[in-house]
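The data blocks that follow each hold one structure.
You will see two complexes here that share subunit A, one where it goes with subunit B and one where it goes with subunit C.
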Partner chain A sequence: MGKVRISSIQLFLLLSGFLFGSTVILAPAKGAKNDAWLAILIGGACGVLLMGVYAAIALLNPSKTLVDILEEKLGKVAGTIVAILYVWYFIHLASLVFRDFGEFICSVTFPEMPMVVVIGLFAAVLLYAVNSGIEVVGRLSELLVPLIPVIMLIISLSLFTVHDFTAFLPILENGITPVLKTALSFITFPFGETVAFLMLFPHLNQKEKLKNVVLISAIVSTLMQVLIFFRDISVLGSGLMDRATFIPHLTSLIIPEFNIEPLVDINLLIGGGIKISVCLYAASRALCQIAGINDYRNLTGAISTFCVVLSIWVHESVLDLFSWTEKVWSYYSLPFQVFVPLLLLLLSLKKSKPSNAGTANEK
Partner chain B sequence: MLIVLAVFAVLIISDFLRFIRNKEPAKVFVIYTCLMATSLSISLLLAAGRRPSSPAQWIEAVFKMIGVLE
Partner chain C sequence: MVIMKTGDNNMTERKRIRKRIKVRNQSTGHDNTHTDSCEPIPETVEAVKERLGEIFFGCSDFLHREVSCGKNGLIKILVAYIDGFVDKKVLNRDVIHPVLDFLSNTELHVGSSIYELLKECVIVNNDIKEANDMQQAVDNIISGEALLFIDGENKALVIGVKAPQGRQVEEPDTEASLRGAREGFVENLLTNTVLIRKRIKNPNLKLEMMRLGKQTKTDICICYIKGIANDKIVSEVRKRLRKIKTDAILDTGIIEQYISDIRLSLFPTVGNTEKCDKLVAKLLEGRVAILCDGTPYVLTVPYLFIESIQATDDYYDHAYFATFMRLLRLTALLISNILPGMYVALVSFHHTVIPFKLMITLAASRQGIPFSPFTEAILMIIAFEFLREAGVRMPRSIGQALSIVGAIVLGEASVAAGIASNLMVIIVAITAICSFIVPPLIRATMLLRFVFLAAANFLGFLGVTLVAVAVFIHLCRLRSFGVPYMAPISPLTLSDIKDSFVLVPIWAMVTRPRILWQKNVSRRKGTNGQEAKAKS
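Right, the complex of A and B next:
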């Protein structure tokens, strides 16, 4: 397992694919209406900082996964308990992305298909990819993630004749509060979810590039989200955008003459697939490390099956899913995405300082 | 219900055969069995139309209890 290596470009594409994830069908900053672009920029700036924290933790603890760091900094017992909570969090996150995928496919593409079949087939493909190793998922991302911006470009250019470039005005019509609330939820979805990458960062072959890779992927993702928002609002207008469930899909339907709707499905397959693969890998590897099992592949099957069942069980309907995500997800994610990583960073900085002072004295 | 049982039987038998062939330690069997047993029981309840209260509801209830949500 120690020999597994991914290049910086593979990590960049994995991160970008992960950040696009379900956001290719859902608009995470929808709550701020016309001012969503402001919420995306504020949330994106904080998201860049948050991802910088994850990169700093990884750089201060080289070759250590999240489980190793937790056990070292918080002690064996507390570290193991928090690590088990992280395993649950990764499984829950994977199941939510599975559900987003299932809901989208069953309400848009294959309305007659039972959702469990759609999710189960997708899980089988992803299980095969994860069992092939994280380097295979990395190579897959090299092949597939570049398609996401190409597809977005095709959709945006096809809509060039139906734009209203003043649709996002007036600015701050409802005040700054909804913008700040939406910015907070934009930090937790998708930026904070990259905490799962703390299980992957030790595999990077050029550690010195980690910070740049993380920051560039976060900035690129934020800019893409802003562009998508301007495309969607200038095509749909703020009223329709507020009522729509799958906004980019609705935008693609407006293209005159020809149907490029399946391209949105392809984007979701790529982004969602990478996000679920990373979560499955992180959960399996973390659970195996906690239990002292050598090969994470022993538990991927059971974890994938549990994710599929959880995705069906966790919410009764799509409305329940969206309302729960809007109300609870940000608060539920904060300890996993912000509080524990900040604590780990402080403890890592504290422990690295005396050793630095020690080496200076020796010199 | 039968389909659920059949799918789980195939998954569990194929994985257990692999574990026995690779002489995996007992803890692999224990964790695997716990996860699959949980998945199977929830699946059977869902298939029977008796959906148990979900983790999302528990999480929401905890946040309401501590006053984070109204």
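Right, the complex of A and C next:
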């Protein structure tokens, strides 16, 4: 495969695109209603920490992918089993994003289009990207991800006249519990999902910048989410916001005189595309390492087809999808996103301490 | 007569040269059928004449003149050349006349070689080389040199008396510019190299010659500035050129297809230009040029996407205008690609997006049109492509008639006849105008437009976006001689942004494109010829 390198700015944009992902159409902290901004801030703070954990793992195990680290720290057998579970997790994640995308397109833009066609075509384009290599995905993110904030800015500015800036009051109407619950789900979606990047971090060409890149992208996307929440709630009001399925889309529909609804599609296409590409890459790369296959491109076709099929089969309807994401996804993700990485971090710290002490002594 | 006492030495010398020739031929990848045998030049002029007669049998333009001279008429000299290729006046004045004079008036001493004497003292020409075997001699004759064979020698003198060929240097038709030099390249390779050398007076400007094409034996020249061009790219160019195995190189367009990174891409990864000042600017940025005898189009590599929206005028004018023009060109490129597709998507799928008043106009203009928007668009675009192609192929004097027919038939009559809507005509017209703004990508957009149209008819905006993403992926995937095609935007090279979709004033452009070569990027510091030599 040769030496594949992505620059720090590419990683930053990949991470940001990934974090936006489906949050472009789904307000992730919906459960907290008016206090979602609080939930986003709390969740974001924890998310930054969580992503810091991933960065730390990558820094303690330089130029090793998740599979390498798992096999080294947990032993050959247990490591392989956990790695296979991770592959499953990435595939599942990709298929969920596919489904989000398909549901959005089929319920908003093309109600008569069979969902499998939409998802299948999307998958074909992404397959081309992933097969071109992660470098190409990185360069693609440099071209496309900057469009996301631009489009958001366009939508937000056109809505300037219809804002009601007091809509988010009162604060903590229902107490702190729903806020914390939502914060937890906000940690797992989208921050925890960046665990897939553990397969990508070894490609970064400037290792010393990894920590900064990860933290900045997490902070930036948290702040963006907060801003988007304030925009949405001040435009829609809490009642409408509670009932809407695709909140940012509904917001863009309110723009007076113009209809720039397709721009939301583009945002979703970019964000979701980056997210799925990273997941597909991570899954096929990990499976290759487990199975000892040289080129991950041999597997991408099969894996993406599987994702498409899975995305159609796994949930019956959009309501099923949403309620499942809301209730089960967070807990289902916790072992992958929090427990195993924390375990890996502890093990890495333990093993690297002696060598650290050694270098300190030498100095 | 020539008295040779150093025959053995000569033999070893010849063997050595022959070996060297062999090595060179292998390294240039030529597999000439003759080099294997490496036929020596016969010693007697009679034999030479016979052999040349065999080789050039049936070539009416091959001429030779035999001269017998010396006090006793003993020394025979043969001059062979291709008619029309050499300047006969010069040949007579500089070669034949002095030789005759010299030989009939001079006493020859034993031990002196006529060959050396002629070469060093007699022939007035300053471009004299040696041919050591028959193949070399023949090669030189067919490339327009005069060959001088002397009795008793198995070497021949190659005398450069080429007559100037081809048209004068004039302004190229293809790349018009408001400001800047009007000189364009011509078909003659040497004229072109002079045009470049005239602008870069620096011995670091290197011109490497090679020959390609088994039948045509076309002269190819790799041109770069040592110390500014990336050595890796230069050697890559050399490698790719040597790999070309074909019998004919008629134009740089053929070379371009052989050396492109991804040969099946719609987008050009090798640039071409006809303008000297443009080429010189590219050389100074660290690019490598490939010149080819017989065509005014010079290739430049690596060629990046951003170069298609750059024009030479940009650098000669204020940076604000240039930046504006660049953004305009970028917009034009986008429009010429997706506008018909967007229109079809709007009309067939996304009525809601169209403002209400425009919707009424649109519906009114589409009333009574028998075709779907997609069919309508395809028909109109194909009609336009017909017009364009006809305009290219036709003699210029008929062009006027064509434009009238095109404007009236396509513009007015098709609307009046109810075949196309007014809006469609406008869309196609804007698309067409925009497509001419970025000439290097005309062919790519021409085809992509149909892809976008089909996608829009199938999936609306989503289709257009999906195809656009696929095109972006393709663009990100492309490389030109190892340099990412979309640089400096992706991968982002901050110092190179100054000359991309924005342009900083020329006094602020202190570095050469970093993406081409990391080293020696400063335009201010840096080396001239002498310093570079001292360094190396």
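Everything below uses one rule, namely that the second predicted complex is superposed on the first by the 354 of 363 C-alpha atoms of A that agree within 3 Å, B and C clash if a C-alpha of one lies under 4 Å from a C-alpha of the other, contacts with A are read in each partner's own complex, and residues count from 1 in each chain.
Note that in this section a residue touches a chain if its C-beta (ideal position, glycine included) is under 8 Å from a C-beta of that chain, and two chains touch if they have at least 3 such contacts.
Worth saying up front: this structure is predicted, and the values here are computed from it rather than measured.
Asks: Contact-wise, after the overlay, does A:258 reach subunit B, subunit C, both or neither (first, second, both, neither)?
Replies: second
Asks: Tell me which of subunit B and subunit C touches more residues of subunit A.
Replies: The partner with more contacted residues on subunit A is C.
Asks: Which of the two partners, first being subunit B and second being subunit C, lies in contact with A:140: first, second, both, or neither?
Replies: Second partner only.
Asks: Could you look at A:302 and tell me whether it touches subunit B, subunit C, both or neither (first, second, both, neither)?
Replies: In the superposed model, A:302 contacts subunit B only, not subunit C.
Asks: So, does A:110 touch the first partner subunit B, the second partner subunit C, both, or neither?
Replies: second
Asks: Using the superposition on chain A described above, determine whether A:72 touches subunit B (first), subunit C (second), both, or neither.
Replies: Neither partner.
Asks: What does subunit B use to touch subunit A in their complex?
Replies: 8, 11, 15, 19, 24-25, 27-28, 31-32, 35-36, 38-39, 42-43, 46, 51-52, 54-56, 59-60, 63, 68-69
Asks: Please output the residues of subunit C touching subunit A within their complex, sorted ascending.
Replies: 349-350, 352-355, 459-462, 465-466, 469-470, 472-477, 484, 486, 489-492
Asks: For subunit A, which residues count as touching subunit C in their complex?
Replies: Residues in contact with subunit C: 7, 9-10, 105, 109-110, 113, 118, 121-122, 125, 128-129, 132-133, 136, 138-144, 257-262, 265-266, 269-270, 273.
Asks: Subunit B touches which residues of subunit A in the complex?
Replies: Touching subunit B from subunit A are residues 92, 287, 291-293, 298-299, 301-303, 305-306, 308-310, 312-316, 320, 324, 327-328, 331-332.
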